[in-house]
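Let me begin by presenting the structure, written as structure tokens, before commenting on it.
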Amino acid sequence: MNVEKSNWMQIEAWLKRDDRAVLPIGCTEQHAYLSLATDAILAERVAQEAAEPLGVPVFPVMAYGITPNFVAYPGTISLRVETLCAFVRDVLDAMHAHGFRRVLIVNGHGGNAPAQAAVAEWLGAHAGAQVKWHNWWNAPKVWKAVQAVDPVASHASWMENFPWTRLEGVAMPRETKPEQPWAQWTHLGPAAIRERLGDGNFGGAYQRDDDSMYAIWRAAVEETRALIEGGWA
Amino acid sequence: MNVEKSNWMQIEAWLKRDDRAVLPIGCTEQHAYLSLATDAILAERVAQEAAEPLGVPVFPVMAYGITPNFVAYPGTISLRVETLCAFVRDVLDAMHAHGFRRVLIVNGHGGNAPAQAAVAEWLGAHAGAQVKWHNWWNAPKVWKAVQAVDPVASHASWMENFPWTRLEGVAMPRETKPEQPWAQWTHLGPAAIRERLGDGNFGGAYQRDDDSMYAIWRAAVEETRALIEGGWA
Amino acid sequence: MNVEKSNWMQIEAWLKRDDRAVLPIGCTEQHAYLSLATDAILAERVAQEAAEPLGVPVFPVMAYGITPNFVAYPGTISLRVETLCAFVRDVLDAMHAHGFRRVLIVNGHGGNAPAQAAVAEWLGAHAGAQVKWHNWWNAPKVWKAVQAVDPVASHASWMENFPWTRLEGVAMPRETKPEQPWAQWTHLGPAAIRERLGDGNFGGAYQRDDDSMYAIWRAAVEETRALIEGGWA
Amino acid sequence: MNVEKSNWMQIEAWLKRDDRAVLPIGCTEQHAYLSLATDAILAERVAQEAAEPLGVPVFPVMAYGITPNFVAYPGTISLRVETLCAFVRDVLDAMHAHGFRRVLIVNGHGGNAPAQAAVAEWLGAHAGAQVKWHNWWNAPKVWKAVQAVDPVASHASWMENFPWTRLEGVAMPRETKPEQPWAQWTHLGPAAIRERLGDGNFGGAYQRDDDSMYAIWRAAVEETRALIEGGWA
Amino acid sequence: MNVEKSNWMQIEAWLKRDDRAVLPIGCTEQHAYLSLATDAILAERVAQEAAEPLGVPVFPVMAYGITPNFVAYPGTISLRVETLCAFVRDVLDAMHAHGFRRVLIVNGHGGNAPAQAAVAEWLGAHAGAQVKWHNWWNAPKVWKAVQAVDPVASHASWMENFPWTRLEGVAMPRETKPEQPWAQWTHLGPAAIRERLGDGNFGGAYQRDDDSMYAIWRAAVEETRALIEGGWA
Amino acid sequence: MNVEKSNWMQIEAWLKRDDRAVLPIGCTEQHAYLSLATDAILAERVAQEAAEPLGVPVFPVMAYGITPNFVAYPGTISLRVETLCAFVRDVLDAMHAHGFRRVLIVNGHGGNAPAQAAVAEWLGAHAGAQVKWHNWWNAPKVWKAVQAVDPVASHASWMENFPWTRLEGVAMPRETKPEQPWAQWTHLGPAAIRERLGDGNFGGAYQRDDDSMYAIWRAAVEETRALIEGGWA
């Protein structure tokens, strides 16, 4: 159930028979030649497709996240750690008040990890509630599918280049970018990171064939769906 | 320029010739029979349509807002005042660092008003920057267009019932709901508000003909576009 | 009961027979030729006069509020949104712990509105408590009384010029100031607002006869008193 | 210059020739048989009388402070540490923006001390600004005057019983209360503190002759005035 | 029981028979010729020695505190008021969740006092819990022991010069420093404070014989131990 | 240079020739049979040993960190995300004011990762400063050394069992614990985590020979030292 296409009566009806919900969160940040909204687009889409046959409500994507290392790239919006943590707490508080007890957060952006700690704090104060934090892109099955295509896969490379994140009229570079020693630059601050990282791709080819991408996507949808369906207490 | 369909290089190119941006913010809250995301859908859509011919970047909608009075309606998510203020500050800080100097916030939800005060604070600390706060639905031209159709128009009534906020398979009540003395209940807290307000409509018919709605929408797009184009210092 | 003229035993005695209290909040900000404390003076005075015959405790006025648009005027103190919200929460928490369950906040300053959202949040967490937020100057009866005198009435105009807000030795301009298109300047920041707004009056005459002012004041006291007396759940 | 009796033009004129201001802060808390507003009344009054011949602006009193130990006494409002610190920072920020560089905070309540640390932090970030924190009631000259009358003097005893803090129609106990080992109870929490402390007086007589009180008051006004006048860098 | 030398099973076993714990907090700040960690070293050591025969768990020292006045001295780290208050609340929350109900905070730094107010707030929300705040260095018995040696004793003077805070290879000045009118400088900000205060000693000799210091230390350990043992409700 | 064994003059002298510093941060949390302070002990020790021959100042360890998943284990103290982030910002602000420009944070606890995001934010606001975040236990060389001994190594297993973290009189289990599917439990909250995880070891043997441990330690000291020495801009 897409919350954007539901009214409150429908949510109330759902809560009479189930207590699960899905919250996708992403980021608005540089993804080299791809959409600045890549992390939000993918998190929301995989959440929607995964939940669709189950009828579990999927709330609107939070399109902004924590990305302090990329702020020298125009269009990158970084929320402070406290802001995203506050957002996640507010949403969980509201969901809990309505009766939701099992929430899957489908996270599309590695930098949002601090909010996972906020979730753990929240769980400590809400006995009986369960909240899974799911980094859809590096969960076991997706990662295996990615590695099967090309082991060099990272931020803003082919691995995030889906028909729904690439941009019309934007040509991808033909070459394969060497893996970037990204972790060795973070102490230098965002200006130096941009200077070294250039277009923003962390390394790898810029695009692969769509069949490969669809295979990865199917793995993502299935893996996410399994987390919505099972593994709860 | 839809930021979701842009990469950072395109934003950088834009910033070489212009310093305007648009940020739509909405809410996820009860809208009676209409979509819980009505405020986000409308804010984002009017922003996109208004900006499109101008090429000004429109950032992804912030789909969550401040709505403490409606939290007894399932699916309603209320951010605390501090959370939305922090969000708006973080976004403006990032935009400012990139060189944006004129930002139009297209707000789709009356309850978000506290963030307007945060914007004013932010302006006091950023000389040379301009940020307009635009409540698209009650700006002069839209309000005139609404009144021309039916003076009884309010939250969750026909006035928010557009082809893109009504829900497939959900029938609207035929009757016209009397105007609700909403302001007289806020001191009672959210449970009592829901009890009195019932379906959530503040009063008025539930639906009007689409021609009327398109006329209102055209006024909204034009009025929003005029704010993007002119009136800057 | 003026809390400044009460001790804790008297408050305790009151709480054995009633659970109402009044909290006036104002602002310290430019009011053109009038007192910088106009909003605090009026909020406290109307609260005191309204409550006096009822015996309901009136707490000391909070003399500072949110006014980011006027900070370029010397003597204007603007609290951040979070500060006033925190203040209001702290006061309500304390009152609630003592047994107060029905509180009227008599607000004298439009810019304090974000704290009204904080009150609504607080109510959601305190079932059984009631808090009314009363903007005394634009409540229906006062506004009608103002309009009866002169429809051009706004911030720092005659409408706020009472014998207890005007200043000894300060002559009022004789002319009537044209209405200022104030809302069209807020995106420019406080320096530009001051430049355009000049003395700070939003438009209208600077003073009217005292009989008119007393009539408005009587309406204010009665309207406020009625809110203390009735309309509770 | 009483800010409540000044407009912004007068503050601006003052700032052209001087950069001093005074901010009184108090508390609303139990004072045994005396006014709940004792700390605010005294801080504001001593500030006004001290500043009057000098023409230095005295801002409205902040009537609320930090008093977590007394919250079991009805009518006592305790701000959280963060709230008062935020308040003080906001006020200093605004004053500094207007050109004030030397501020005397006249504090009437011992429990407000955490805000003194916030002032020290603020000074570290505002080179060239000076802010004195003045606990008027235990400054050297006042304390000497108090001791000359009666060495047993403390919270809510005769020492705070001035003609302007005692209440009409409230009789003072005749006896002298033994000194209360107050510090030994703070670990027990507010309910236990009230249980042990009874009426709230920390020890000593409840009232002394007015001549003694006026002598103390004169010392207070003079000592406070000297701090406004001199001792600046 | 030194928590650094305990595992969780041992704490759990302790909690089956007792609900006391000790938390030492200090500061990292200038102490003239002595260790920058003087306040942390002394607080932790006195806590450990006092608790040792009782078996009460002593948690690791919080080595950082609030010291805004000394930030012009290299190596001085000042936490904001909010940071230390948050720290103390978090620790008390965790201890309370485990079953601790009587906590002694052994504080080694006067500037940490704002956190004492946070403790009082916390107690108001945790009925049945007791938290003592113990400034070990100026508690009655220690202060008496100090005065018996030399009445001129203050920050960074001989009074803090123990064999475990003095530094190898650092010679102490031979002279006795006049008492510094420290309180008269705080309004000037940290740069001016350092300029006037010089080496950081507030006044007095720099070192005394070790027998005197051991006598003071014994008093400190005994006084602290007595607070762990008794005086609880 | 151990800051605990230095005074401010020594830090000032250092800053005249170098701008590096080291800050160890740990945690107080369950480590099965090992010390609750394991993460703090190891972070501080490796920092000290690594820096010693270089003379770089090592500040006192922050002994508390973020560990919401373990709060059901007595003695575990979890700071909220905001608290540790605030702590790290305060320390970096102070260091920066003194002239430090290159800081190595030696982190001993995986759960502290949110503070790494706060560091990245801080770097964006302090051009020219560099801050490395070093998780000493899973840096490349240490991890290689660990794997060489036993690939099953995790929280509270042999891998953290050094002569300086094991406890006198506490016998280690002889068996090897199966790897625990820890990540699959985090959505259940802390009580369920403890129930499943038992003693707290994530899997692996409880102890290995000291030669192996010293080899790992040497790798840790060398790897940490290399980060203090080189790799700066």
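What to note about this one:
Think of it as A, B, C, D, E and F in the order they're written, each chain with its own count starting at 1.
The rule we apply is simple: a contact is a pair of C-beta atoms (placed from the backbone, for glycine too) under 8 Å apart; a residue touches a chain by one contact, two chains touch by 3 or more.
In this text the structure is predicted, and so the values were computed from the model without any measurement.
Chains that count as touching both subunit B and subunit F, per the definition above, are A.
Put simply, the chain farthest from subunit B by mean CA position is E. In terms of C-beta pairs in contact, the better-connected of the chain pairs E-F and B-C is E-F.
Look at the contact of subunit D with subunit E and you find the same residues on each copy: over half of the numbers used there are shared. Work out the mean CA point of subunit B and of subunit E, and you get 53 Å between them. A straight line joining the Cα centres of subunit B and subunit C is 28 Å long. Annotation: 46 Å between the Cα-based centres of subunit A and subunit C.
Averaged C-alpha coordinates give centres for subunit A and subunit B that are 25 Å from one another. Under the contact definition stated at the top, the residues of subunit C that touch 2 or more other chains are 71, 78, 80, 82. If each chain is drawn as a node and touching chains are joined, the picture is one closed loop, every chain linked to exactly two others. Around the ring, the chains sit in the order C, D, E, F, A, B, counting from subunit C and moving first to subunit D. By the touch rule above, subunit A contacts subunit F in their complex via residues 66, 68-69, 71, 78, 80-82, 85, 111, 113-114, 117-118, 120-121, 123-124, 126-127, 129-133, 184, 186-192, 231-233.
Per the touch definition, subunit D reaches subunit C in the complex via residues 3-12, 15, 28, 30-37, 40-41, 57, 59-64, 71, 73-80, 82-83, 86-87, 90-91, 94-95, 97-99, 167-168, 170, 199-200.
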